[in-house]
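Structure provided below as structure tokens; questions to follow.
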Amino acid sequence: MAIGEVTPFGQNARKRGSAEEGAGEKFSTYFFLVFQILMVVAFGLFAEYGVAVHPDKAVDNGASVEEIYPLYQDVHIMVFVGFGFLMTFLYKYAWSSVSFTLMIGAFCIQWGILCVSFWDKLFKNRDEEALDVKIEMNLGVLVEGDFSAAAVLISMGAVLGKLSPMQLMFMALFEIIIYALNRAILVDELLVSDVGGSMVIHTFGAYFGLAVAFWARPTNQKERLSEAKSSYNSDNFAMIGTLFLWCYWPSFNSALAGNSANTRQRVIVNTVFSLATCGFTTFLMSRIFRKGKLSMVDVQNATLAGGVAIGACANMNTNIWGAMTLGGLGAIVSCFGYAKLQGILESKLGLHDTCGVHNLHGMPGVLSAIASFIFALTASEKDYSAAGIQQVFPSLNGDSPSDFDATDAGLRQLYSLACTLAFALVGGTMTGLIIRAFSRFTKQQTLFDDEESFEKED
Amino acid sequence: MAIGEVTPFGQNARKRGSAEEGAGEKFSTYFFLVFQILMVVAFGLFAEYGVAVHPDKAVDNGASVEEIYPLYQDVHIMVFVGFGFLMTFLYKYAWSSVSFTLMIGAFCIQWGILCVSFWDKLFKNRDEEALDVKIEMNLGVLVEGDFSAAAVLISMGAVLGKLSPMQLMFMALFEIIIYALNRAILVDELLVSDVGGSMVIHTFGAYFGLAVAFWARPTNQKERLSEAKSSYNSDNFAMIGTLFLWCYWPSFNSALAGNSANTRQRVIVNTVFSLATCGFTTFLMSRIFRKGKLSMVDVQNATLAGGVAIGACANMNTNIWGAMTLGGLGAIVSCFGYAKLQGILESKLGLHDTCGVHNLHGMPGVLSAIASFIFALTASEKDYSAAGIQQVFPSLNGDSPSDFDATDAGLRQLYSLACTLAFALVGGTMTGLIIRAFSRFTKQQTLFDDEESFEKED
Amino acid sequence: MAIGEVTPFGQNARKRGSAEEGAGEKFSTYFFLVFQILMVVAFGLFAEYGVAVHPDKAVDNGASVEEIYPLYQDVHIMVFVGFGFLMTFLYKYAWSSVSFTLMIGAFCIQWGILCVSFWDKLFKNRDEEALDVKIEMNLGVLVEGDFSAAAVLISMGAVLGKLSPMQLMFMALFEIIIYALNRAILVDELLVSDVGGSMVIHTFGAYFGLAVAFWARPTNQKERLSEAKSSYNSDNFAMIGTLFLWCYWPSFNSALAGNSANTRQRVIVNTVFSLATCGFTTFLMSRIFRKGKLSMVDVQNATLAGGVAIGACANMNTNIWGAMTLGGLGAIVSCFGYAKLQGILESKLGLHDTCGVHNLHGMPGVLSAIASFIFALTASEKDYSAAGIQQVFPSLNGDSPSDFDATDAGLRQLYSLACTLAFALVGGTMTGLIIRAFSRFTKQQTLFDDEESFEKED
């Protein structure tokens, strides 16, 4: 079937369109079935149990379960229950929201681990032999899998209800590759300090998704937008997502923080205070922006901005008041986004952002990057122990702590932000254009509606 | 605006009332915005990273994360998901229930830590210089923050649907001060043994809330009570709260239990058995009190009474059967409260207790205090190790374990109960009267209804 | 009241039936109240705090809390929130689903610990004196209590909506005895390797429940089956159960895995990969079996089959690809069951399986047993360390690791499967027949409907 083929008659076009689409849907299903099998083969060829997992390794690493597993499980709940239910606010699209979260999350754990490990090894070693070393599987790698899924699910928030399940799958397929490349550049090359992934995950995921939402928007989007609404119960379901995200966010930021120099506990304390301030400030800001009333949109989303806003600086010596200030700023930026900016972007640019990921992940992510630039710039060895400065600023890269160059550390944060925005916008644009090009083969007909994808009991 | 000013005409009064109220609402929003900023300043002046948090402290306390953090997260979920959803049973007030739980919880974490630390330092050291020592922030302090929030949220259960969001905020503001004072007297002065906070948190929160509910009741309460009902779905949402509270309660009781002499594991085992017996007994009692049928009110609430009933004795040598007996008694007391007593209190005293906190937190809390009196009275060094008796009974206060005075330890439990009841009832009455006095400036017009506080999508 | 007595007139029979049933309901309530009291007495006589729990034991076992407690809490959430909400998909039976889960779970924790400990001691020691040694209570024993509850709740899935609450209780009462006997034979006698309980818990629970569902089916089942359906919101509630089960399943499989030779972390890694593959494959299979659409039944259930399928081999050296393959097979088998087989069993055998436990627990459990046979058969000491082979294969039973007999280890898996199927089917049949015989005294009149058991607010 030739893409872009001219069809003279609307009706025929539509009919043929459906035939093509039927074929496209079927093809996609079997394509991903083969892809799943290939991933099993890839794990067979390129992965093995790590030293803390293999029954043959003499090392007994039970301790690492106690250290990481509870945090991993919290992250797991955030990704699947948190993101899943947060998106159920659409009153006719709740099945899709939770189901596609599970579908994409389960896919991304596998594909994310493969891609992250691939780029990571390539950038770390810069020789082809490095690729021969197998991926050592352990709990830390599983966390990386969930982080990949989080980035894609954030992007999904921007296009929610507007792309078909298979379009979402292709988005995930491409996004993971670019996500993992950007991550490798930031982590292995720019030596960024981004313990909570505010740049690597949140900023990237948000702007990637916005670019896809812009370029791959359905032609009937405008007349269907009134369907993108919530109901009384759907807003209650969404609060399940909000509350688990809010409570477990400290685990997200600290899962890969490491333990030396009290780092993990500092990340937890900073994140809790940022979220508490953000949570309370959101209620005040919502009343201020909404003429004395509260909006469930703000309550569901802006309360979480503190987790993103502290992300890149959560292990830094921000002090309690610094963490609280960032949380408060996160709430203000996010509430402003939901109450004012989002409508402007929609009416002026035609950019429809279903879940408002720009307000929850995009702007707070940029805020966090800028804050981390300031905290790095003003850091000095005396505020940290030798171990502390080494753990918090990878830019030191093995040098003596007394050689710590705060300007260099700060600038790396800005370069990383710029790199992330570039990869997200360019990658998202390319992905969006591809999805649009193939929209004949699979697309969502009735937006914001489960009916198209699900069997309904009568 | 003069309070109590006579207004001759109903209509004018109402109109002026709304004008005043509009001003009161606006004032409250900005008042709490300033208050939030002042809390940031206070944390800047009076708090610092603790030894297990600061990057500059040489100590590496990763272990404390493994020891406390999973328990802390369970408590976090109980406070925000548990209490939040438990209160969604009101079919038109679910948004308010979960949202205000988040608003008040986020506020109380901050304000609670400040107040608890303030009174604690004052009572522990009894000199002004003690106040110059900064609050050392760590996971244990965060748990104290969540405990403060729990006390206020229990009180909120008694007034749910009847106070406006800003009235709730002022209640929280005052309650935390009195809660922290009562806590300091019990912990630092009376040397109470109350590992699960049955007195400090549950009894205090319940009777404080009941006093507020009595004194600050809206004038139109009686004719609106028929709105305080549940629907099929709202009862399902409430079960989310119930089940998380039921499952995680052992973490609540053990979060600050300490590890020596097996204390934490004993608290967990006792609480699980108390809850299992209570959970099952509730179903039987509900059928007995309700003519063979079950009531969702009992299922949602009385099943949890075992967690409160074992609270003050959870670290004591109660034996499994002792814990089970307490759980069973908790179920009986609580079911009796929901099925019989609550209606009597309402019709005879005009005391409307929306969530029945008297049945879930009040009476089981008193039961726990009395049980702890008996278990302390019969305790002896030979039932405990030297380390055990020191950890369980702070009344020993550094004396040799062989000097343990069971009568003294027991009486301290009773004094603590009396002190808690006095502070709760007097503090709640004062707070209720203040709220009533200012009800012109902010009050709930349409009870048990989200519409007044939230924007609704059309 | 004579059972089977002939009653000439329908109406009289019905009237008398209700009188008998009223008496039966009342009797059952008080019977279980006495039973609860007897369980308290039994724990008083036969149980005591274990060495890690008693305040008098010098040993300080705080570490065991960090090692097991987070896993135990995840299992707790799976049993009460997971199973409870998974079964709320019935749109008029959601209250019953979550409530009876709590009722039965709370009962089974107690009764399960007593029965498991009883048979365990009898089989381990084979002398009567062994029974004089008290049950040592600790976190591991609590996990056993939750596992017993899980088996019964799986069976409940097969009969959901068709048995009255008291019939369910009697089923639980008998099932636990047989469950604990089968478990003791497998664990203590056949020395099975079944770390995740795929045979002990899932296969047993499923086939026991199916037998009960077959023999104790209500006479009016056929005409009421149209009521066994879901609604839009009830399917959303069910997804709460699904997602918590999906996320926490690695904790279920690893809770009693032990730490030596990296066992626990290997179980976690294997289970995560099995579930990820299963989760994604389910979406593809659902589209293939359901003509391009997804079914919420598949999404809610088949996504979890990977947790069961890997269960018996989760600690074995399956490699990542092996775990993934098992997960994928689990999805295929389970989707096939839901889409095709279940309807056939219903129309051909009259076997109605409300939640499709045969597809989620039955067939994947058998699959896991067969897979574990293969993995055991091909195991050798060189794939494991000495410690590893001893932890994974109890059949070694203290012998030197070099004496490991793979054929013996493999066959024990098959014997265990056969034993489990026999006990489940015979035990379930007996229990079903007893329930049917006494159905005059208590039975469900209006199937799949909460109204009969619950007070409704008007």
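Think of it as A, B and C in the order they're written, each chain with its own count starting at 1.
Rule of thumb we're sticking to: a residue touches a chain if its C-beta (ideal position, glycine included) is under 8 Å from a C-beta of that chain, and two chains touch if they have at least 3 such contacts.
This structure is a prediction, so every number in the text was calculated from the model and none was measured.
J.: Over half shared numbers or under half: where do the identical copies chain A and chain B land at their interface, same or different?
T.: Result for this pair: different.
J.: Through what angle, to the nearest 5 degrees, does chain A rotate to match chain C on its C-alpha atoms?
T.: Rounded to 5 degrees, the superposing rotation is 120 degrees.
J.: Starting from the mean Cα coordinates of chain A and chain B, work out the distance between those two points in Å.
T.: Chain centroid spacing, chain A to chain B, equals 36 Å.
J.: I need the residues of chain A touching at least two other chains; which ones are they?
T.: 66, 70, 233, 240
J.: Quick one: which bits of chain B touch chain C in the complex? Just the residue numbers, please.
T.: 66-67, 70-71, 74, 229-230, 232-233, 235-236, 239-240, 242-244, 246-248, 250-251, 259-266, 268-269, 272-273, 275-281, 283-284, 287-288, 290, 292-296, 299, 303, 317, 319-321, 324-325, 328, 382-385, 387-389, 392
J.: Which of the residues in chain B come into contact with chain A in the complex?
T.: The contact residues of chain B facing chain A are 22, 25-26, 29, 32-33, 36-37, 39-41, 43-44, 47-49, 52-62, 64-66, 69-70, 73, 76-77, 80-81, 84-85, 88, 94-95, 98-99, 102-103, 105-107, 109-110, 137-139, 142, 145, 165, 233, 237, 240, 453-455, 457.
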